[in-house]
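Below you'll find the structures, each written out as structure tokens.
Two complexes come next, and they have one chain in common, chain A, joined by chain B in the first and chain C in the second.
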Partner chain A sequence: MNTNALTIGHSHEGGVCVVTLSGRIDSTNANDLMSRLNALISSGEKSIVVDFGAVLYLTSAAFRALLVATDEAERNAAKFVLCSLGGHVRELFEMGGLLEVFTIHPSRAEAVARLA
Partner chain B sequence: MIRSVDLEIHNDLSEIAVVRDALDRLGSELEVPSRALIQLQVALDEIVSNVVKYSWPDGSKHKFLVRITVQATGVALDIFDDGRPFDPRSAPEPNLALDGQRPRPGGVGIHMIKKLVDDLSYERIDGRNHTSLTKKCAIGAVSTED
Partner chain C sequence: MTRPPNLIYAVDEVPPVAILIGSAIQHVAVMAITLIFPLILAREANLSGMQTLDLVSLSMLGLGIATVCLSIRSPYIGSGYLSPAAYTAIYLGPSLFALRRGGLDLVFGMTITAGFIQLCIAPLLKRLRALLPSEIAGLVIAILGLALASLGVSYGLGIDNGQSIKPDYVIVAGVSLATMSILNIWTKGYGKMFCVLIGIMVGYVASFAVGILDFPAILAGTSAQLFRVPHLEHIGWSFDPYLLAPFVVAALAATVRVMGDISNAQRLNDADWIRPNFTSLAGAVSANGIAMIFCGLIGGFGINSYSSSIGLSGATGVTSRSVGYAIGAGFAILALIPAAAAVFAAMPLPVMGAALFFTAAFVLTSGLQMITARMLDARKNIVIGFSFGMAVVADIYHNAFTAVPFVFQPIFGNSLVLGTVCAVLLNLITRIGVRQSVSIKLTPGAINREAVEQFLSDNGARWAARRDVINRATFGVVQLLEVLGDPPKGVEVDASFDEFNLDVRVRYAGAPLLIPEKKPAPREIMASKDGERLLAGYLLRQSADRILSRQNGDAAEVTLHYDH
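Our next item is the complex of A and B:
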């Protein structure tokens, strides 16, 4: 069984916390993503960028995690944005009707610059 | 060219990794185009997680069957479970967001399945749900769309 289908890392670029996702986000691991994002928000991070550049695909379980994190960020007056949606990933956001729901930047550099 | 794999898993979200990995292996071995394979993986996760979460409201442990069939013209995903009747085609559309509000999660998965595959069918036979998803794609052909 592939237990490391999703890897979640984070680093800081200036005052911006960049969460780097790699692999697939599905119903087996979306809760891990939600816990990780909520933990960062409750630890006091005020600017969070989630980088999808290395994500193969995501399912509605991932959308749920991102919606919960967006609400959580709002409650904590934190900025929460996404970046680097590749072609297949962008198409999935579109199918879910969620492309307009999140703040999405084309690249990590642009997202960090906007939040810095 | 036809290849079919039967997988029996429990109603536990972590076991979805078993069917996911099996679809991956078949997909790469039989050269399912990458965009189709990604969309099949998403559809498989949506339909199987739905069965895991809702088919047995009592929360007890059950097994069910997932069949992946690769044919020259496409891929079929068949799920057989003895949980409560549920026709995914009858699922309501997700709540549309009111102006300036975020859509609530829920219903998005089934809505996506309808967009991800070419056919979604359902029948209840002998106390079992049989849900079938079919996606057309040219198997083994060199994909130009990726």
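Our next item is the complex of A and C:
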């Protein structure tokens, strides 16, 4: 069994939907992530926080999935933010020049407080 | 860059005036302790009271200018971080050597030379890492600590040419050293922070009590002047190639210290700090070089970044660059006040000895910590052990080494140079055969990314490679495999490692990888898989320290290089 496989969970904190990711996000699972996020947006969620605290790394496929989800959220008038980007993961966002493209909060608590 | 939660004023923030001035005064007090080094020079050069005052005043100006140079943020000069300067023990041995050989003119001339050496080193920092790994930098600092302790004992006990010990000096040095040690071990906050300053003040009182404080003589001639522009009459410059070796070694050691201090300043300002920003480091080394040239021109001493001040900024949570500019202004004002210089110029020898001996303990142990921070294998044991032994031998059998050919005398005549030259040469020789290589073949239809992750992770652990470098390499290979898909003849991944380099070669049959120089726009990435591939190529370019893509017939190869 691969311990680095992506797991996606979601829960609600107040009126905010928190999506928790852990493991590695690459082309083998980026479509799963995109489908899951799009499904949440389509189901009427208006405030979504994606927690990257347990993500090991992500590739270009994952960035594309996040960009598509951000676009989808905008079209549905939903708020879509990322949080807890640590060390290497944050560095990858920075390398791709994508830190400014997404709304990013340092911690899950802060992200939820902003969207609540 | 993520702001650490304990910072009160971060590097780009400007504190209110009261806090700015308070922080600057605190740094000025800590930095001024290092005026002891130009003072030692003044004593050894037998300067008159007024000349000593001028030297101290100009040295204060040097501290201010150097702090501004080191802290400023510009594309070429300065680290961009609050980085106070200090006169350093690193240049004490070479400067005293120069003083005995050619007087103060030679000291100032060689200080300027060392500044130019640092300016030449700055653009080559990354490449020089192999020449000066941390354990050799630690060795240089430990040898410096030993030299400092030896001088401290000589001053503290009042040992002169006749090797006799002066009892009144022992009392003063003992009281002063005990005060510093007690405050450092058993107090917290300001007591610990200013233990050296307080110990020096207690030493002044003890010196007055035993009758060896000649304060009035130093103050004579300054009493009528509240402000005075320091004179430059005693300053001249000369050069001696014989002294090039010790000053090159000292410049290298000072460069290593700047790199350590600025890395620490970067880390204090970024909770996500992983590795040093070399643009900032190179700017700091250039700034140190310019500050050295300035100090040489105004008749000052070798200057460096100051670990204690960077530690102080971390402890207080005020890392604002503006504090650096306030320190510069503060020292510029103090340089014009003769009474401020007189307080330091009157420092009795046993008090200097106590401060030197106390500082030596920390220099020596910080060197030893740097040596042992990485695992010492047989190769490193030999490099460090032999070199340390040779450095000690150079001091014990100093007279015997005067018989070596003239061209080698700068090396054998100085423990710091002999130890460093031995370490660098032995390190280069023993690195032969140190590179290790491994490879893995992924067959078509089974391009297994988990296998690659495991392969790099296992070998990284075996090589004791840094975790962050292995993580970047793992990302690089996985990202590359994602772009390549499933090539018809599979993929071969070779990884080779030595202490400073990790190279990963990925070979496959197919078209060469497209590595764009320009960042793709978000719309472009979203629009199609081609946009995603452009982002992949761009991420690969950014995440590796060097990337090379080439094709030979049907076969293509991508090399990812990571500095370690």
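In this text, the second predicted complex is superposed on the first by the 112 of 116 C-alpha atoms of A that agree within 3 Å, B and C clash if a C-alpha of one lies under 4 Å from a C-alpha of the other, contacts with A are read in each partner's own complex, and residues count from 1 in each chain.
Everything that follows uses one rule, which is that a residue touches a chain if its C-beta (ideal position, glycine included) is under 8 Å from a C-beta of that chain, and two chains touch if they have at least 3 such contacts.
These figures come from a predicted structure and were not determined experimentally.
Per the definitions stated earlier, placing chain B and chain C onto a shared chain A by superposition produces a clash between them. Contact with both chain B and chain C is seen for A:Leu67 once the two complexes are overlaid on the shared chain. In the superposed model, A:Pro106 lies in contact with chain C only, and not with chain B. Contact with neither chain B nor chain C is seen for A:Ala77 once the two complexes are overlaid on the shared chain.
Looking at the shared chain after the overlay, A:Arg90 reaches chain C, while chain B stays out of its contact range. Residues common to the contacts of chain A with chain B and with chain C across the two structures: 2, 24, 26-28, 56-57, 59-61, 63-64, 67-68, 71, 88, 92, 95-98, 101. Of all residues in chain A, those touching chain B in their complex are 1-3, 5, 24, 26-28, 56-61, 63-64, 67-68, 70-71, 88, 92, 95-98, 101. Those residues of chain B that touch chain A in the shared complex are 13-14, 16-18, 20-21, 34-35, 38, 41-42, 45-46, 48-49, 52, 94, 97, 102-105, 108-109, 111-112, 115-116. The touching residues of chain C, when paired with chain A in their complex, are 2, 272, 274, 449-450, 453, 468, 471-472, 474-475, 478-479, 482-483, 519, 522, 525-526, 531-533, 535-536, 538-539, 542-543. Contact residues on chain A toward chain C in their complex (touch as defined above): 2, 4, 24, 26-28, 56-57, 59-61, 63-64, 67-68, 71, 86-88, 90-92, 95-98, 101, 106.
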